[in-house]
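Look for chain A in each of the two complexes below; its partner is chain B in the first and chain C in the second.
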Partner chain A sequence: MGKYIFKRIIYMIFMVLILSFIMYLIYNLIPNNRAYTDARAEIQTLKQGLTEEEKETRFQELYLTYQRRYGTDTDNMLIRYLRWMGLYPKYGGEYDGLLQGNFGYSYEARDSVINVVKAPMLNTIFINIFATIFALGIAIPMGIVCAVKRGSKTDQAVQIITIIGYSLPVFLFCILFIWLFCSTLGIFPPSGMKTPGSNYTGWKWFVDTMYYYALPLITMTFCSLGSMTRYTRASMVEALSMDCIKTARAKGLREKTVIYSHAFRNALIPVVTLVIGWFLGIFSGSVVIESMFGLNGMGKLMISSLRTADFDVIILLQLFYVAISLIGNLIVDIAYGFIDPRIRVSK
Partner chain B sequence: MKNRKNVLALLLVGCMLAATACGDGGNKSTGTPSTESSAVAENSSEVQSSESEESEAVVAELKSLVNKEYGTDYISLYEQFGEDVTIADVTEDPETGFAYIERDGVQYLLGLDFLSMAMVYNTTVPEGGQWADADAVYANWWKLYIQRWNYLLPEIPLYANEYYDMYNTQIGGVAENPTNPYWGPADALIDWTSSKADNSIIIGNTTDLSGKFRYSNFGGSNPGAADLDIEEMTRGLALVEKTKEGGYTWNSTVVKSHNETENEDGSKTFNIEIFDDLKFSDGSAVTAKNYLVRTMVFSTPVAAQAAGKDHMAGMSLLGFEAFAAYNGTAESGANKELTGLRMTDDYNFSITISPDYLPYFYDVTYAALAADYVPMWLGEADIVDDGNGCYLTDAFYAKEGDKYVMADHILASALNTDQTYPYSGAYVVVSYDDADKSAILEANPNFKGNYEGTVPSIQKVVYRKIVSNTQMEDFKAGNVDVIAGITGGSETDEAITLADGSNGKYAYIHYSRAGYGKLGFRADYGPAQFTEVRQAIAYCMDRAKFAKDFTGGYGGVTDGPYYTGSWMYQAAIDQGMLLDAYATSVDSAIEVLEEGGWIYDKDGNAYTEGVRYKKIPAAEASENDINYKAKDGAYVTTKVGDDYYMPLVLNWYGTTDNPFTDQLITGLMEDANIAAAGMVIQNTIGDFAPMLDELYQAAVYGYYSGTPMYSIFNFATGFTSAVYDYSYNLTIDPSMYDDYSIYYIKDQADAYWLQ
Partner chain C sequence: MSSNTNKMSRSNWLQRLFWGNKVPAEEVDINKVEEIVSPGRQIVNNFFERKLAVFALCVVLGMFLFVFIGPLFMPNYYDAYTEVTQKNVPPTMSMLSVPSELKNDIKMIDSYGTFSVGLSNSGKVYVWGATKIGTTGLDVKNIPEEVKNTRIAMVAAGIDHIIAIGEDGTVYGWGNSRLGQYGIPAEESPSIAAMPEELVNGKIDVANIKKLECGYQCSAILMNDGTLYLWGNKNSYSNIDKFLGNITFKDITFTLNYIVGLQEAGTTLYTGTRGLFGQVRSNIDGKAVNIADYLNGRKIVSIIANNNNICLMLDDNSVCFAGDFQQNSVPMATLAEGEYFVDVEAGTNYYTGLTNKGNVYSWGSNILGQVDVPKKLTGVSKIYSGAFQNFAVDENDDLVGKWGLKGYIFGTDQYGADIFQRIVNGGKMTMTIGAVAVIISSIIGIIIGCLSGYFGGKVDMILCRVMEGFSAIPFLPFAMILSAVMSQMTLSEEMRIFIIMCILGVLSWTGLARLVRGQVLAARESEYVVAAQAMGVKSFKIAFKHILPNVISVIIVNLTLSFATCMLTESTLSFLGFGVNYPRPTWGNMLNGANNATVIQNFWWQWLFTSIFLAITTICINIVGDTLRDVMDPKSSVDK
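So, the complex of A and B:
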């Protein structure tokens, strides 16, 4: 197992390098020239006094200065990539890339990418953990019940509700829930993350935060119930039709034991993939939810960075998500082995 | 005898009548209505009147600038005559509103560049004239500028919204001290009160706070709106402040005395004495150094390294260039001292402006310095004046390798969001939550007052992010106390209904927007380069209906780049400003097009139907004219003999996900009048950044293909700054044109022909 994990980690490193290079190439194909934009902005502060020739000379000087600062003073994409990674020196001879801890600079926020990402990431993780727990906590039992009572009125009702939740766009539910819970019932606030002007700490902070997150959580949970419920139901239905389940029933085992110890364990394998995927998804935000409820999260950061061509932020986040996906695949593969002893990594 | 007397009397009458008919009546010439043709001066015959002895001036001909070279064939009229012109030299045609000056027997029509430059640089009050002060002179120039602009229509204003600001009536004083385009809630709340239990107000902004409260423009070209609000609430005691009415005034709460000296070298010195009882929020004294520190620091390479951008804060000061070049070591051309800043003692100092930036109507803004805590920007360094100008002590320029040691300190200070350093404004930042982008401010107990001596009554300000889609729900839930800038039919109706049905719990005020949504042009490309085409589009569109439909009835249309609530607009109205409203009329559109030469078809024959063409002689045809084509390629410039014929087809770039664009499809592109006038408009819908690149015809954002295509764009503009200055923005000088032009128009009247 240890050898297997080590091998996978080596593969992952290679994958990250290859993918990072591809991503870097792709983002540099997008028309965007930060050095040109910055030089142009600076030359415009010189409102008078220069002839056309002098202005052009000064502009070229500024352009070159900025290109050297950003490491883009060459057309060789490999060198530019290596500079970005910190494996090749910049014009001044210094190594200043990812490996040296320079994760980039956000031109929109005028701050390092790490500082820009910190707060949204924490907010996203916080809300996603609860959304995932609530969704799984409702969807899996509901899926099991629907599978066990397949064809019943309960099953049909849940099917209809979940298909609606699955099919309709998220923003529609955002508007609906805001109208219901804020405008009509006045229970929850429509936007924000805490009571304006408050500086709560500890338990009070947690309660206040959960009060403001309640509506987005309800929306996120409702919208994600559909897929997990139907998936669990399908797996359980298949598992319940297996011969071993008939045998278990024939042996006289209690129905609960049959369902949870035998059927569910068999149904768990495909469900585990989804669950682990969901937990890995706690790092990614929802643009719609965050926009509608005024949350400062990763979805909003991503979309605003794309709109403003803040590519340092985007490329770092993409790299991060690539790494998370690779790690997630490894975790899933290892988890399979624990869930199903028949699946083991060969020595 | 009697008959002789009668004959003599008759002869005398006859002579008197002849004298009246031949003389010019003693009236000054007010110019000719035509702007396109030259006129020959008529020599007056011998007349009785001494005033009519002068001959009529020749009106300078307007010629195309295409294929002509700046500096060889022509220069700008302002460059030729601008320095010596005063408003008293200008005559105005009462019918057209055009302005003229006369030099050496030639009458020159004043173009947009001249008028925009003169508006701010030629405001000296002529002696014995009708102008009481510089404001009156400025207003006169402004009126002439707007009138010329209205004729040339470098863009077409389409709608100016009526903005509604809604507030919770627990906030008092709003009706008496209302907001306006120059004075938002963050400015106005200093005059308001709060009857809430904690004496607080919650205001919001759809723009995120980023934490740059100490210097909201740090490292950027434009400050974030929310950061700027916080900076303006927490950084105060300015020498000159903007007023509620959109002007500037010396702050008598801070400035004990001031005078201005015009120096022999053309520079101007503001000598200032501040009161000795000014304090920061921590009780420490405010002295002269506190006013000089930020200007000095952000004129150095140290701050440029910290910000990643050279802010050139002291650009207008005497001796700036040499000071900005100083990097801690003595180098040729560099000077440690900034000669334009002098400190006499703790409360007396002077600011000298370079002659390159004078005269300037808004020169008082050069003295609009606010107080900053010195160690915040300087650390352990200090400001000293040994008699030759203020300088920063050597510790400021210390280096470790290539990096300035102070750069990190400056960066940290710029991003400071707590009370590490005291504040000089009405409020102090108590806390900033980066997680939800909100800040809490409390009243500064040591704040002496604003320019009216007002100190804040509201003790606590909560500034938070709001979502425009749900702001009304937030307002009803009490999560925000003021919503500013409500616009649009349904949103405004909702707000008014809520307020009117709230039994006095909510109220609103409203004002016209200082700006408008517009059809912008690349007014030097394609058919849009011709004035008659832009005018024809304006005649074809029902702008009043468009504005009414778009704003839901809460808005109107303007005829120029002005805000109707501005002081210069009021003054111009009093002076009888003449503006054409371009009332919808396809006949008027056809008339101006025909007058402009759009009377051909693609083969050079007389136009009958379909798309109009205009003949452009080869000598006047640029490469862009020759290669011009419609977006779909169906219409191109044709060549017949030696002449080119340009089609009246315009390519419009509209932005996606924009109701303005959606309405323009029916209101412009598919308008029956457009086709009836012989025009076709083709469109592309895309994102904002590519649109800007097409407008700039440069790959600023990397999208421009290199081939110009579009000449119509829809976006918006605003005039919320108290400084109305468009100098250099209408330039015809190619060295500045691409970088500074805002309309991409070259007014032929701005050319002074050298040959």
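So, the complex of A and C:
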């Protein structure tokens, strides 16, 4: 087991390196030259008195300094990439990249990327925790009921509703819910994160925040219900057709005991692994929901940075997502082994 | 056993239990009962037993036909069409429906935007068409009480207001008044030319009125002595000030952006702007000639303007045109010897003319069928045109013909384009993108899955890691980044769309590859593969020729389901503005405008219909895919 995990982690690091290199290349397809822009900006602030030629030489000097500082004084993309990662020394001989904690600088917010990401990340986690709990709390019981009463009217109705649920794009649900809850019923505010101008603390803050988060939460929960219910139902149906269930029934156990104690435990195995994967998803916000409801989360940050071409932020977010998803894969695989001893992880 | 017999026997088991089998012996066909059906046939049979799935399949096929054949019936459609006077029109088909009380008693009809106003000989005003005005909550159909109670002498319609003059000389206005369309503006504003004081409070000499005309948000009353009353929104007509001096006019008319006047001399057009409408042409497709050269001593009698150009009627009964025409406009018909136009009326970018012989001709842009004059049209003595509607009236003031735009079945979008047409053409784009993306992703997925599953070992390990890498890339953000990167480069729109298809395909093959790999892994151990290997068939051939057909069912199911997924992803990307861009429609970017509560609430038709089409298509595709998976899985069909 330990060896397996070690091996997977090595793979993972390798994967992150390759993917980040590819992304670095893509990111560099965009014609932007930070050293050039910065040098130009600085030359503008210099005192006038200089002649054109002096300015030009001064600019060249500055340009070179900036290029060396950013590690772009070479055309070799691999070296640039390694410098960005912090695996290759810059001109001055120092290592200054991601591994050293230099995550880049957001030109739009005029702040380091870490500071820019902090607040949206907290918001996203906050809302996603609730959404995940709600979705699981509804989807798992519904899936069980559907599997137990397979073929009944309830089951058929839920099947059709869940097909609709996962066939529609998220933004359609956003539009529908805004129309229903904001325009028609007028219960919830259509966008925003808190009452404008308010400065609540404690309980009041929580209530106010939840009031504004209610609609995105409902939408998010609703959107994830479809696939989750179907998944639970499928694994429960599988579990109910196992031999051990027949044995349990033959023994004369009560139906409730059979379902909840025997079948459900078996059905939980695939569900739990899915849930673990899901919980990692709370770090990455929903691009559509956050931009529709005007929530300051990771998804909105992503969109706004893309629109303003703030690529230091984007590439870091992207890398973060990749890392999360790889770690998620690993955790799911390991968890599978732990939950279901029949599955030999070391294979 | 075929299921039909099965069902029969189940319903009749009681009967058989007590009275024995009453079916005559010769009808029981042993062969039929034990008929062996091939797996493919069985799947098809099972599929067609499910009514919902068959219905869904029909809907999907219907939708395909709809979006791929539909555009053939819209030869006039083009992507970048915009029409400023037709913005945000709700679904209506009432634009040509003249009220029945008015039908035999027409004094005049006028329209400019989305509604028409009619006046009967008894002085009653009627309004029809899309009468609700934007988000203002106003409805021009609510005719003020004092207008209802007086006899009206003339009416005219602007884009969002109506002006009526009573027989006693009072000038009435209703509709939107926020930009000075009528009445005293609520506050002084430099962009408003206020309605003259004497018209607001006093009366006008009705007998001496030569013309009442409304423009975009502007109105004019021209008297017989040349006096001009002019008021309205200066932002829509920048040259309004040039007309407010004490200049007298013979005629006045409104294009979309300029007021054009005709002075007594009748040799040039007065716009207050040098060089504007300085050239004329004898027909729409004719060559532009300097106006003075063209006239050559003739005089302009009257002028009629549509949105971009002006029709000049000369004193020798000929007509000519100033201004630019849209491409693909229908040219004016050549008239017979001795025939000339006695009346020309202007609609949006087209004209309708009535000749001295009673013939009616329409010419100009024909995007919405406004130029298609009905063939049987006789006894016409008067024509009324405005916006996209035309009405022909005989000498008894009866309506004898109407043609043009009936309305929009799904309304119009924020650019004034017909949503129905855009849904049909956008569906074509959405489905094409989905299909191409699915094809790309399945080709990659099948090849990699087969290779990885069949060869196993190191190849499998490497390919699995590649799969893992690709599936670790978060789909939407990465597609957005690629799309943003592309937008920084100079690419043609076709190229961009093709690359979007490729992005969608390349990012979504991992699921299928995994499935195929699993199936191939299982199939590899089966006897027929061992047999093939024993016969010395090359392993490459075994993988693709022997194993692949056996896993095809999984592939087909996956194809169906991922077609829906690709459509959804494309819509989401376009909705966020990172996919296909305006003006090219897709179902995703048509919903782009519905991203705030105001649009969602007030212009419900702009998102509802497109959403319904998108939703029905993806739901039905998913139902078909789900059912296919069910019927192809032998385990589940036993259970059912």
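The rule is short, and it goes like this: the second predicted complex is superposed on the first by the 288 of 347 C-alpha atoms of A that agree within 3 Å, B and C clash if a C-alpha of one lies under 4 Å from a C-alpha of the other, contacts with A are read in each partner's own complex, and residues count from 1 in each chain.
The criterion applied here is as follows: a residue touches a chain if its C-beta (ideal position, glycine included) is under 8 Å from a C-beta of that chain, and two chains touch if they have at least 3 such contacts.
Here the structure is a predicted model, which is why all the values come from computation and not from measurement.
Trainee: So in the superposed three-chain picture, is A:43 touching just chain B, just chain C, both, or none of them (first/second/both/neither)?
Mentor: After superposing on A, A:43 lies in contact with chain B but is clear of chain C.
Trainee: Which partner does A:182 reach: the first (chain B), the second (chain C), both, or neither?
Mentor: both
Trainee: Could you look at A:252 and tell me whether it touches chain B, chain C, both or neither (first, second, both, neither)?
Mentor: neither
Trainee: Name the contact category of A:309: first (chain B only), second (chain C only), both, or neither.
Mentor: both
Trainee: Output check: A:51 vs chain B and chain C. Expected answer is one of first, second, both, neither. What do you get?
Mentor: In the superposed model, A:51 contacts chain B only, not chain C.
Trainee: Is A:291 touching anything from chain B or chain C once the two structures are fitted on A? First, second, both or neither.
Mentor: Touch status of A:291: both partners.
Trainee: Contact-wise, after the overlay, does A:93 reach chain B, chain C, both or neither (first, second, both, neither)?
Mentor: A:93 contacts neither chain B nor chain C.
Trainee: Touching A:2, do we find chain B (first), chain C (second), both, or neither?
Mentor: A:2: touches no partner chain.
Trainee: Under the stated touch criterion, which partner chain does A:202 make contact with: chain B (first), chain C (second), both, or neither?
Mentor: neither
Trainee: After overlaying the two complexes on chain A, where does the chain B footprint on chain A coincide with the chain C footprint?
Mentor: Common to the two interfaces on chain A: residues 30-31, 178, 182-183, 190-191, 291-292, 309.
Trainee: Which stretch or stretches of chain B touch chain A in the complex?
Mentor: So the residues of chain B in touch with chain A come to 198, 200, 202, 208, 210, 212, 218-221, 308-310, 312, 315, 356, 402, 415, 431, 433-438, 440, 460, 462, 464-467, 469-470, 473-474, 476-477, 479-480, 689, 698-703, 728, 734-736, 739-740.
Trainee: In the complex formed with chain A, which residues of chain C make contact?
Mentor: Touching chain A from chain C are residues 465, 468-469, 471-474, 476-478, 480-482, 484-485, 488-489, 564, 568, 571-572, 575-576, 578, 588, 591, 594-597, 600-601, 604, 607, 611, 614-615, 618-619, 621-623, 626, 639.
Trainee: Over in the complex, which chain A residues touch chain C? Could you list them?
Mentor: 11, 15, 18-19, 23, 26-27, 29-31, 163-164, 166-172, 175-176, 178-179, 182-183, 190-191, 241, 284, 287-288, 291-292, 302-303, 306, 309, 314, 317-318, 321-322, 325-326, 329
Trainee: For chain A, which residues count as touching chain B in their complex?
Mentor: Touching chain B from chain A are residues 30-33, 36-38, 40-45, 47-52, 55, 92, 105, 109-111, 118-119, 122-123, 178, 182-183, 186, 189-194, 196-197, 199, 291-296, 309.
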